[in-house]
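Two complexes, one shared chain (chain A), two partners (chain B, chain C).
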Partner chain A sequence: MSLLSLLLPELILIVAASGLLLLGLSNKVASRRLAPVVAMLALIVTFCIQIYRVKAGGGPTQHDTFGGISRDGSIYGTLRIAEFAQYIKLISLGIGILLTLLAWPTNDDATGNSALHFGHDAGEFFALMLLSLTGLLLVAGANDIMLLFLGIELASIPTYIMVSVSRPLPVAQEAGVKYFFLGAFAAAIMLFGFSYLYGTTGATNLYEIMLNLHPKDASGIIDWGTRITLTPWQSLAVLMLVAGFAFKMAVVPLHFYVGDVYQGAATPVTAFLSFVPKASGFVALIKLLFALGGPNWLLPEPIVRANGTGLLWVLAILTMTVGNVLGLLQYNVKRVLAFSSVAHSGYMMAALAALATSQFVSPASNVKTTGLQAVLFYLAAYGIMNIGAFGVLQLLSARDGKDSAETFEDLAGKGRHHVSLALSMAVCCFSLTGIPLTVGFMGKLMIIKPALAAAIAKTPVGMSSVRPAMTWLVVIIMINAAISAAYYLRIVATLFLRSEEHAHPATAPHAAPHPAPRPHPRGHHLADHAHPVDPLFTRHTMPILLAVILSVAGTLLFGMIPSATELLGNGVQSAARIEGDIPQALPGLSDKAVAASK
Partner chain B sequence: MNSIASILALSVDAQTVPAVLFYLFAGISAASALGVVLSRNIVRTAVCLLFTLVGVAGLYFLLESEFLAAVQLVVYVGGTLILIVFGVMLTSKSPFSRFEPKAGEVVVAIAACIILFAALVMAIRSADFRPQTLDTTQKYPVVALGQALLGDYLVPFELASVVLLVVMIGAAYLAKSRKRDDKRAVARGAATLSQKARQWS
Partner chain C sequence: MDPLALQHYLAVGAILFVIGLIGFVTRRNLIVMFLCTELMFQGVTINLVAFGRYLNNDLGGQAFTIFVLVIAAAEASLALGLVVLLFRQKNTLDADAWRELKG
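Coming up: the complex of A and B.
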């Protein structure tokens, strides 16, 4: 059987994107109205396929030389679809649906919504969105550094364009150009790293790289129990790769673009940026770490040192702290959410840092499994709860006649008029803080679990203790959760407690003399029209509202209902068995030709 | 007569020809690369770059990667270089525009080059690159390449075309002026921006 059917979701998305590009040739309102519908249909179909696949579980180990696709236990080919990939694809598609809802055009001529203005180019905009998601899906299944690189780029390049076209403002142009140049720079560093990795291991297949990195005995059985030592050139390759991924994940010190780009992009695109490139970076990093550490996650020296510190530990602490402190200092709510997304990357890095120490603590502490599960769970949780916050920003702006509710002044007192929206924002903010009964709390719990387990676990004889490093990690996560509470609660407090009159006169929008807003001839602003009914319930804003409702419902559902949490947890658990189906005694490389000829 | 033939046979053995050719191609590459850097005239720079690329293609021929050499000639010499020349001619005011680097720039560039050179020398001397064994049994190595592209590497191969499509859309998008209905929006955007700038200041 050909395994090309495993690529069905990606193929559907690419075909839909091509169709959307053709649709974009038409200038008619009807075609613009159709564009998000086509994108949504494609996403829903692929999401259903993905749900079916995840429910059906893994199949027999198989490799298809036509297309180089393999499934489950097979290690060959450029694309390997196993439980890990299926899970990442499922959450990406689910969150992709919410992101499409956020970008739905709400004005009469369907050129965008209050935050977004793609003019006549709705077809192209949604096509780019689908292509970026396709990139993420391919990263999830990539088993080869070439496909990994191309997938990351396919996930990133459309976002550069989306940022620039998302609204006709100079800030958006600036953001797009900045993002493009820095992204190209990061991609070059990443590619340089990949080239060294290839040069020093002689393989592009991630599993062959893993085999070549690990020592083997005379009969060709790989010794997975030994921690490898990287040569200087391999360390350089790893450093450059981590730097390249760090840019996509917005991890300090490669986070500097985040503020300007997230602020300059339209709100739905910002929401997109805070999930898709970040997820592709994390998935790629997990794949790299797995290749370095092998099934037992015995990560080598610069990644983690014998006392528990190391590259991941330092990056995690820096990212959490810098992100949260910068978030505290921001005046613009989108910038707050931007730096909070940096901080959330830091939490996920903390789980990876704990995972890296699993080799120095007794296996009974389960650091290895809980570490990877935490990252996968948090990725989904962050995606779900973040969308609600951006959606509320969009809806509030939609009804107040400004391009977007961006500053705290824009939000001041809005909670009194739009109680339900403000409550949704409150739920999302509480969840992002990590307050119980929300999915954010479960996520934080899972992040802390491996670090805490490593901090209290017994140290095997003859190893230095990772206890101080991990204890500090736990303490710093807690401190950072407290810092983040300050600015998340500031958003909620601004919504409910401040009144618009109390805004600082020098900074309040009505104090600054500006030309009276001219109504856009085609009705770009909802608020330019007189609304006889509550605009919350207009036909056009329903998709955004639906996204907010789904996000809030997901946040509460996965946080409160134990069976729902368990469902997600089980998915994460099976996905985290990335090593589970790798045979401990892998066939030697010379057997590849034999396997391929079959 | 006999002695001349024997001298020729002696010097032209299997080892020498590749060595001579290597030094020839490497010399062409290095000398024309120097020309690229030292020439102030932009068209001369482009012509020197042509010889650098041809020299590298010759090195590929010597390494028995005929396909790579052909691609080097077709893509870089035939495509990219022509594109560079066209770009220069279409964008610069005169086709013979000159580089006039400042003294500071020269110093920085030389320093960067020395560091890079030192790093490369160190890398090449100490690197443990695993040599890939060439399958010399096949008559046409390109066959294997084609089979790999449509076999194991089908997905990256096709994905590369999707990425190129996206890049093309992006380039067309960012280069085209948004003139249809967006002038007003840009004007309004600028007004909003200046208003926002006042807020932030």
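Coming up: the complex of A and C.
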């Protein structure tokens, strides 16, 4: 395949985004109505291309490496579109379609919908959305730290603008500013890590970095069986990179922004934030870990220690626990979902922590493959079920009927008027908790599997046991799943069990710090609004409703129907063969790295 | 023999980065905070160019620097847009003036 056809999905999205920017110049209602259609068409076309490519992908040896810039006559390049990248692209485009549906402008002058109000900038808004998705696709295919950095920034910078313009409220702008400044700060930290990684390994190409880090014998054959030791400078680089990715993933030391940003942004943008930057962070982290560990995932010291603990382990436990505990304490449902998003990053980190211990347990336990599979599966599962939850929030209007529901008071008793919506919310919340028959359960199962396998696996002779660390990890995952059940069930209980009278601001305990000043009509305003015409099935809600239906269907389908789960599982299985066929030796590789590490 | 070694450049880069880092954490003015992130970026570019020079004149470092500058420029335009937007609303650039969002 040529470079052009390799980049075809990205190119289609970029061209569509440019067209949308031109379309945004026009101030007509018709052009605003056209904008989401263009975005949707581009996404559907690229999605179909991805489906075709994933299907045609087949064996693990197909088109693994392609030279954008090929140095020393070797076969690796800036892009590496293997099954891993194809899978990430497929799920990002699929979820991108759902996210576009959530943001569909449906009001009369097409300036937004019940939750979103971007004014006259429909073209620009959808262009930013497509650009951000393009960034994620580039991250998925990147095999060079330059392209990786550019991809992460392309995925992030549009989201800063999307948060700021998503609604004409000071809170949205505050959220946008906070997100932007902290994002730029995190980008600088990540970039510092990249510069030291480049300096200490002598290459910007991730393959070259991997090859330079690993020892090789006199004939140039790389020894993939040795666990490398990082120099202090390399450790610094890795720590700073993980910190930078942690911001995108919302992993603990850099998770503090999520509450404010997710609350301030309009609900469709919040849904966007909880998937696209997070996925780009995880994909980048996986690529970094792969470069450090080589095809056998022999990850070095600060990332995982011989007893199974280490950076990933600590981050996983902190992220799960902090996310869930903070989630319990919130009064605003969007903040609850924001901190639950932190907790879900923690679950994915737990799978990576288990993957990192695969070198210390016997290969028969299969920790290596199941760990990576779990992350990839959970990423898709989280994307699907989370969109359903945000979509329902968007459809359940706030108490004054102007905006989407945000607080628990907004949700109180809504389940009685909108049974189907509340049931959808219940399905999504059950799935996020990890209750069986949902995709969230399958995801949690896959997350726990590698950790459990590592906990009970036999320790090879001469290695210290990872059993205590992994046992604790499993226990803490289970405890956290229980904590998260408390606040997810609180959402469902509020919908069905609480009556609206109780939700009155005067009696509600946490009503005082309300985010936006809203009038609270004391009468039976819902009786005026809801009963004469059921506002659920109007053309104003159709696209959002479609997104909710699709995501609830996906949640149930992938959780219940074995063949569907198997389909996703097979995709994940082939995607997890990230090691594919890497070159065992490089012709004429210079010893720059050796010189650099001195 | 070149009196300047790689370490000197790295030290300058690291000092710039740390000054930016400290400034970002301690200052409350949005423009100064943004300039601090720019300082951090420039510290990184010095690192990159120095590494590129001392790694057999590897061009990767310089190429990366150009991309970093482009990203920094994109963020600068965005930052100034946001700052103007905020100043119009509150007539102040104090970051603490913006605290409507709370948990």
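Some observations on this one:
Just so we're on the same page, the second predicted complex is superposed on the first by the 533 of 598 C-alpha atoms of A that agree within 3 Å, B and C clash if a C-alpha of one lies under 4 Å from a C-alpha of the other, contacts with A are read in each partner's own complex, and residues count from 1 in each chain.
Just so it is clear, a contact is a pair of C-beta atoms (placed from the backbone, for glycine too) under 8 Å apart; a residue touches a chain by one contact, two chains touch by 3 or more.
No experiment lies behind these values; they were computed from the predicted model shown.
In the superposed pair of complexes, A:Thr78 makes contact with chain B only, with no contact to chain C. Residue contacts after overlaying the shared chain place A:Gly119 against chain B, while chain C stays out of touching range.
Counting the residues of chain A that each partner touches, chain B and chain C differ, and the larger count belongs to B.
After overlaying the two complexes on the shared chain, residue contacts for A:Gly199 are found with chain B and with chain C alike.
By the touch criterion defined above, A:Ser5 reaches neither chain B nor chain C. In the overlay built on the shared chain, the residue A:Asn570 is in contact with neither chain B nor chain C. In the superposition on chain A, A:Ser164 contacts both chain B and chain C.
In the superposed model, A:Leu150 makes contact with both chain B and chain C.
In the superposition on chain A, A:Ala175 makes contact with chain C only, while chain B stays out of contact range. Looking at the shared chain after the overlay, A:Arg335 reaches chain C, while chain B stays out of its contact range.
In the superposition on the C-alpha atoms of chain A, the part of chain A touched by chain B in one complex and by chain C in the other spans residues 146, 150, 153, 157, 160-161, 164, 170-171, 176, 199, 202, 515, 596. Partner chain A is touched in their complex by these residues of chain B: 123, 126-132, 150-156, 159-160, 162-163, 166-167, 169-170, 173-174, 178, 180-182, 184-186, 188-196, 198-200.
Residues of chain A touching chain C in their complex: 145-146, 149-150, 153, 157, 160-161, 164, 170-171, 173-178, 180-181, 184-185, 187-189, 191-192, 194-196, 198-199, 202-204, 259-260, 263-264, 326, 329-330, 335, 513, 515, 590, 592, 595-596.
Of all the residues in chain C, the ones that touch chain A in their complex are 10, 13, 17, 20-21, 24, 30, 33-34, 37, 40-41, 43-44, 47-48, 50-51, 54-56, 58, 60-61, 63-64, 67-68, 71, 74-75, 78-79, 82, 85-86, 89, 95, 98-103.
Only residues 7, 14, 21, 65-69, 76-79, 111, 117, 119-121, 124, 127-128, 131, 134, 138, 144, 146-147, 150-151, 153-154, 157-158, 160-161, 164-165, 167-171, 176, 199-202, 212, 231-233, 331-332, 402-403, 406-407, 409, 507, 509, 512, 514-515, 517-518, 520-522, 524, 596 of chain A touch chain B when the two sit together in their complex.
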